[in-house]
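In what follows, chain A forms one complex with chain B and a second complex with chain C.
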Partner chain A sequence: MTTGRRSLAISRALLWPALIVAILLTQIPLVATLFYSFQEWNLLRPGQRGFVGFDNYAKVLSDGSFLSSLGNTVLVTGSAVVGATVLGLLFALLLDRKFLGQSVARTLMITPFLVMPAAAALIWKWSILDFTYGMANWGLSLVGLPPVAWNTEMPAATVIMVLIWQFTPFAMLILLAGLQSQPREVLEAAGVDGAGPFRTFTWITLPHLRQYVEITVLLATILLLQVFDPVAIMTKGTGGSKTLSYLLYERAFIGLEVGEAAAYGVMTVIVTIAVAMVALRTLFKVFSEEGLMNR
Partner chain B sequence: MTLTTRMRRATVPAVLAAGALVLAGCSGAGGGGGSGDGGDGPVELTLATVNNPQMKDMEELKGEFEESHPDITVNFVQMEENDLRDAVTKDIATGGGQYDIVTIGSYEVPIWAENEWLADLTEPLSSDAEYDVDDLFAPVKDVVSVDDSLYAVPFYGESSMLMYNKEILDEAGITMSENPTWDEVAEAAREVNSDDVTGICLRGKPGWGELFAPLTTVVQTFGGTWFDEDWNAHVNDPEFTEAVQFYVDLVEDAGPADPVSTGFTECLNTMTQGKAAMWVDATVAAGMLEDPEASEVAGKMGYAHAPVKETEESGWLWSWNLAVPETTQNQDEAIEFIKWATSKEYHQLVGEELGWTRVPPGARQSTYEIPEYVEAAESFAPITQDIMLAVNPTQPGLYEQSWTGVQYVTIPEFQDLGNQVSQDLSDVFSGRSELGPVLDRGQELAQEAGDAQ
Partner chain C sequence: MTTTTLGVPATKSTQVPIRKPAGWASRRVRGIALTTVTWIAVLAFFFPVVWMVFTAFKPESQAATLPPTFAPDFTLDRFQAVFDRDMLPYLINSASASLGSTLLVLALAIPAAYALSVRPVKNVRDPLFFLISTKFMPVAASIIPVYMLLQAVGGLDNITWLTILYVGINLPIAVWMMRSFLAEVPREIIEAAQIDGAGLRTEIFRVVLPIVLPGVAAAGLICFIFAWNEFFLANLLTTQVARTTPPVLGSFVDGRGQFLSVLSAASTIAIVPVVIAGWVAQKQLVRGLAMGAIK
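So, the complex of A and B:
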């Protein structure tokens, strides 16, 4: 007993250095950000650096850009997640069936998610949405519609389009896994009991998919909250497309305001956690109230 | 990129992280910026630069310098304009000392010089008669000097001008004068604008440099300004408003159809494909329009001074310069290299080795006297030289300025200010907002920046 306890103590002691390093490495950036958020520091004015208390936070809250960016983030992320999940489910249902060339189709469907975000934004900007040479306007002209100046007329929508395009395969992959894990006998039993495809889908498949949908929404939301590339490349934050991460980038690298940017960063972390929690709770509630799943 | 640079790039964050763990405030940890330790041994210089063609040429030719200076090697780190600005600003502001030579724009030079971040180059350059400091373009020299001291040397410089497709204008029976007014240009643009041809390509892409480089020159020639001599903001003044309204209207009537995604590159594309009749932009563009391999309009172009309203000239002035940060430990060697890269010999070398149209423009007057250069660039070189010598960086508009510079205000807050106002203007281009409230907000932001001076 005593030898066992002693060896356990030694093992624990041996773990400490690694643990300390891990704690320092993960927490130092956060502590540094907190520290900087109480400083007045414009990189180009090295002489005027100093402690300013909560001034930066006051600036963040009194300036309208934080709230409007927050709204934009919710709009962009929300629409992209919903769009990608719905389309992903649709494609997953199609790909769940056996047909000739199924694996080729699956690989092709996944491709958008594998394209680098910056490359995807460039493809959309130049090949698809360009006013003169873009495929979107060419498509419109085929059905006799006038061309659209996408980035001028609807910047936020263009960003959402790119994101849906990129994240539909992501949602599709997870939901497809969910569909394929359905027990076949249950589906067969439903058929024997006389349920049509629609009833089988709403009463058996959807409840089964619930946790897959949840994980899709959760992961896609986390990934999309940090969206930056399409905003920077296509819209430069105009017309409702300025998300929190782009605002943060602007404060830090265009404004060169280290302190203000740090305060924005801290606020963003707080708000992101809060929003994510509220969103998830609501989602769970909707699902259980609809009676789609009894937990 | 060389192996050593890559290694150093990887080492610096690691060293900094380790340093932070051991004790805070050990900021010199990653310093050094080369293997020169103050001894007499070989010195390795690191040069941070923008990835423009002229800089790539410099990297290609650096072997010549290293041959004549066997103790010095120069490593190039090339980045895109914005990345360069971020990387170099951070390095110098935090005393990192990663770079021995930096490429900086004319906007930054005075600000950085005032922060005492840059080595004073006046003495080392003027003491060398062969280098001939007086040969540098006077207006460019002005923008990189503070109180008569030179803090950077222009590597190449540019102004802006009107470039037009002679075929399209001829067809419409329009002759463009050498010194057109904005009213003339706008009228011509509206006349030739059609479904196939854009009347005039003007940038509308948000960003302080992207949109306000051309737009501020319009504001200045309309008699407006960002600030007066005492740092009072004048953004919602009638002159400023009139200029912006004129620009927005012209874009709507005869400009690019998707202005918010149109910047320099997009206009260059439209122009080279013969889909736009006119374009007001950087003089450097001429070299690309005249390149028969990349442009369908080579030889069909005409050039004129930037259009004016109330002033004599309205071209801008920009230069990419080489400077030596105070943080370097190899100042003498760095200055040696800068002298070589901006010398008359270097211009000869580029011409002979790489072709005469590739000589860095707008830096030295003597370049415009080299017979081979004059011949190779005859359609645009003389007018570029004229414009560059005609612009007045100390007072480009009607207002007296307390800063030197044409399409920007040399205060740290300007890139932020210009960026925010340019974003709001995109809503005006699309008709989502009115100009009045946008400029009122711009006025508030500008006054805040003015108060900080």
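So, the complex of A and C:
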């Protein structure tokens, strides 16, 4: 049918500009990274550039930093996602009631997600967690506890703390939308049938929230896997806070080892895609279930 | 009685004509307790932001003291100091990269999302899968070729190039979000328009877009927030002329102790546009964050 073909052509014409831009801006650099990863190339010795096969990969795998920062990334991302989701659920439950100033409280709660991450990292580092003048240690001193050198003694924990602070509102917003989408009749029916708030929560609210929790976890994971700002600003990758993004940055822009850094980049992409595959499959399941139920 | 201490005269409950259900008083006490807990938790969470803004109004000598100064001599002098250190050009750079990239993203994403949701495209999942997969790739992994390419074409420290790169970062999110908003537009409306002989342009701009305007706003807002707050690319690819706000903030910390309130003032200025936009557009933000996958 000619009209069908014509309409398909129009669809393509509408879709392609976005796809082309996405390919140019994301895939071409990736292919170039792949190419560089087989080259010996240090910016300080530009004359010695040449093809070295898998040498860079051998270096990456024999050097411990890739595996250790992979572990750091999993730890930092994982703790931040879990922490933000749990706290987000708690706040969503607290804010899902009618109370005095409810909308003001919600407005204040979403603010950390809107605060520029660089500003958040700097304020936490210097104003809250500073050893001598930080509010955190002042708080500890009020209850008679000794001060903690947050930024130097527990760098990974400080990064995780800031990330949880920034992403709890994110989780809270999605989960609150989930709570508020619960059909009121079902909750009332549960109350009439004599189910207490706890049983109503575990048997009705939690199953209903499942897909919202899944979406929260997936989106937060996508956003947090690349975490860089608080690491660069607060800890410079010390003590278990060196995530893959920071390691790559360090190799490329401080070490100036283009080839090696590119190999790190390719490895990072492979690992991330593996995680992404699992995550996307779940995401599509969520979407297709949504489509089937046709709510 | 507990009711009197809560400011509700005990006699009043008997005077109210409506019969209160059994356990009303204790439920009310519980409600007030929960509200108090909620507010304490919310304020504790919001505290770092309050503290930052508060510190911005302090003279430098009272910013880093132990115990903290809660009744400082309020001054606008630190905000003046921020602008004396030439912050304005950086804010303008941030604004133009964020606004410019958001507009470009919307221009590309609206037709693409329309094609993917309303029009017949063979295999919708492949382009969608491809687009979201680009979000999983660490920006750090493709930064080396991007840096070198920009260096070769003289595009380093150039706000136009930074804007274009932000398009690459935000385009997939915008397509995904808007696709789910568009999928909710009732088919009958579009079909009716087509039967009435509406051209493609009329169909998109007069029929479909007005319905999904909140979705477009949400997608635009989120792209703007991400671009305004972006640190990694701005930090590496700009130095002076095209420097944006996030990497500049760190320069307000001089490490000699006399910096905290000027840093707080600069951070306050930096977060104001996004925080206010986010507060105003909360509802759209929630739907946007959930990518419209949930209602």
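Heads up, the rule we're going with is that the second predicted complex is superposed on the first by the 248 of 295 C-alpha atoms of A that agree within 3 Å, B and C clash if a C-alpha of one lies under 4 Å from a C-alpha of the other, contacts with A are read in each partner's own complex, and residues count from 1 in each chain.
What we mean here is this: contacts are C-beta pairs under 8 Å (C-beta built on N, C-alpha and C of every residue); 3 or more make two chains touch, one makes a residue touch a chain.
What you see is a predicted model, and the numbers here were worked out from it, not measured in a lab.
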Which superposed partner A:Asp229 touches (first chain B, second chain C, both, neither) | second
In the superposed arrangement, does A:Gln182 touch chain B (first), chain C (second), both or neither?
-> neither
First (chain B), second (chain C), both or neither touched by A:Thr200 | neither
Of the two partner chains, chain B (first) and chain C (second), which one does A:Phe253 touch, if any: first, second, both, or neither?
-> both
Considering only the touch criterion stated at the top, classify A:Thr132 as touching first (chain B), second (chain C), both, or neither.
-> both
More chain A residues in contact [chain B versus chain C] = C
State whether A:Gly239 touches chain B only (first), chain C only (second), both chains, or neither.
-> first
Those residues of chain A which chain B touches in one complex and chain C touches in the other = 21, 24-25, 28, 130, 132, 253
Of chain C, residues touching chain A in the complex | 31, 34-35, 37-39, 41-43, 45-49, 51-52, 55, 64-68, 108-109, 111-112, 114-116, 119-122, 125, 127, 129-147, 149, 164-165, 167-168, 171-172, 175, 200, 225, 228-229, 231-232, 235-236, 245-247, 249-250, 252-253, 259-260, 263-264, 267, 270-271, 274-275, 277-279, 282, 285-287, 289-291, 293-295
Which residues, counting only chain A, touch chain B once they are in their complex?
-> 21, 24-25, 28, 42-47, 125, 129-132, 147, 149-153, 155, 234-239, 242, 250, 253-257
Using the touch rule from the top, collect the residues of chain A that touch chain C in their complex.
-> 4, 7-8, 10-12, 14-15, 17-19, 21-22, 24-30, 32-33, 36, 90-91, 94-95, 97, 99-101, 105-120, 122-124, 126-128, 130, 132-133, 135, 138, 165, 168, 170, 173-174, 176-178, 181, 211-212, 215, 219, 222, 225-226, 228-229, 232-233, 244-245, 248-249, 252-253, 258, 261-262, 265-266, 268-269, 272-273, 275-276, 279-280, 283-284, 286-287, 290, 295
Given the complex with chain A, which residues does chain B contribute to the contact?
-> 17, 20-21, 82, 86, 89-90, 93, 111-112, 115, 204-208, 256-261, 270, 275, 412-413, 415-416, 419, 423, 426-427, 429-430, 432
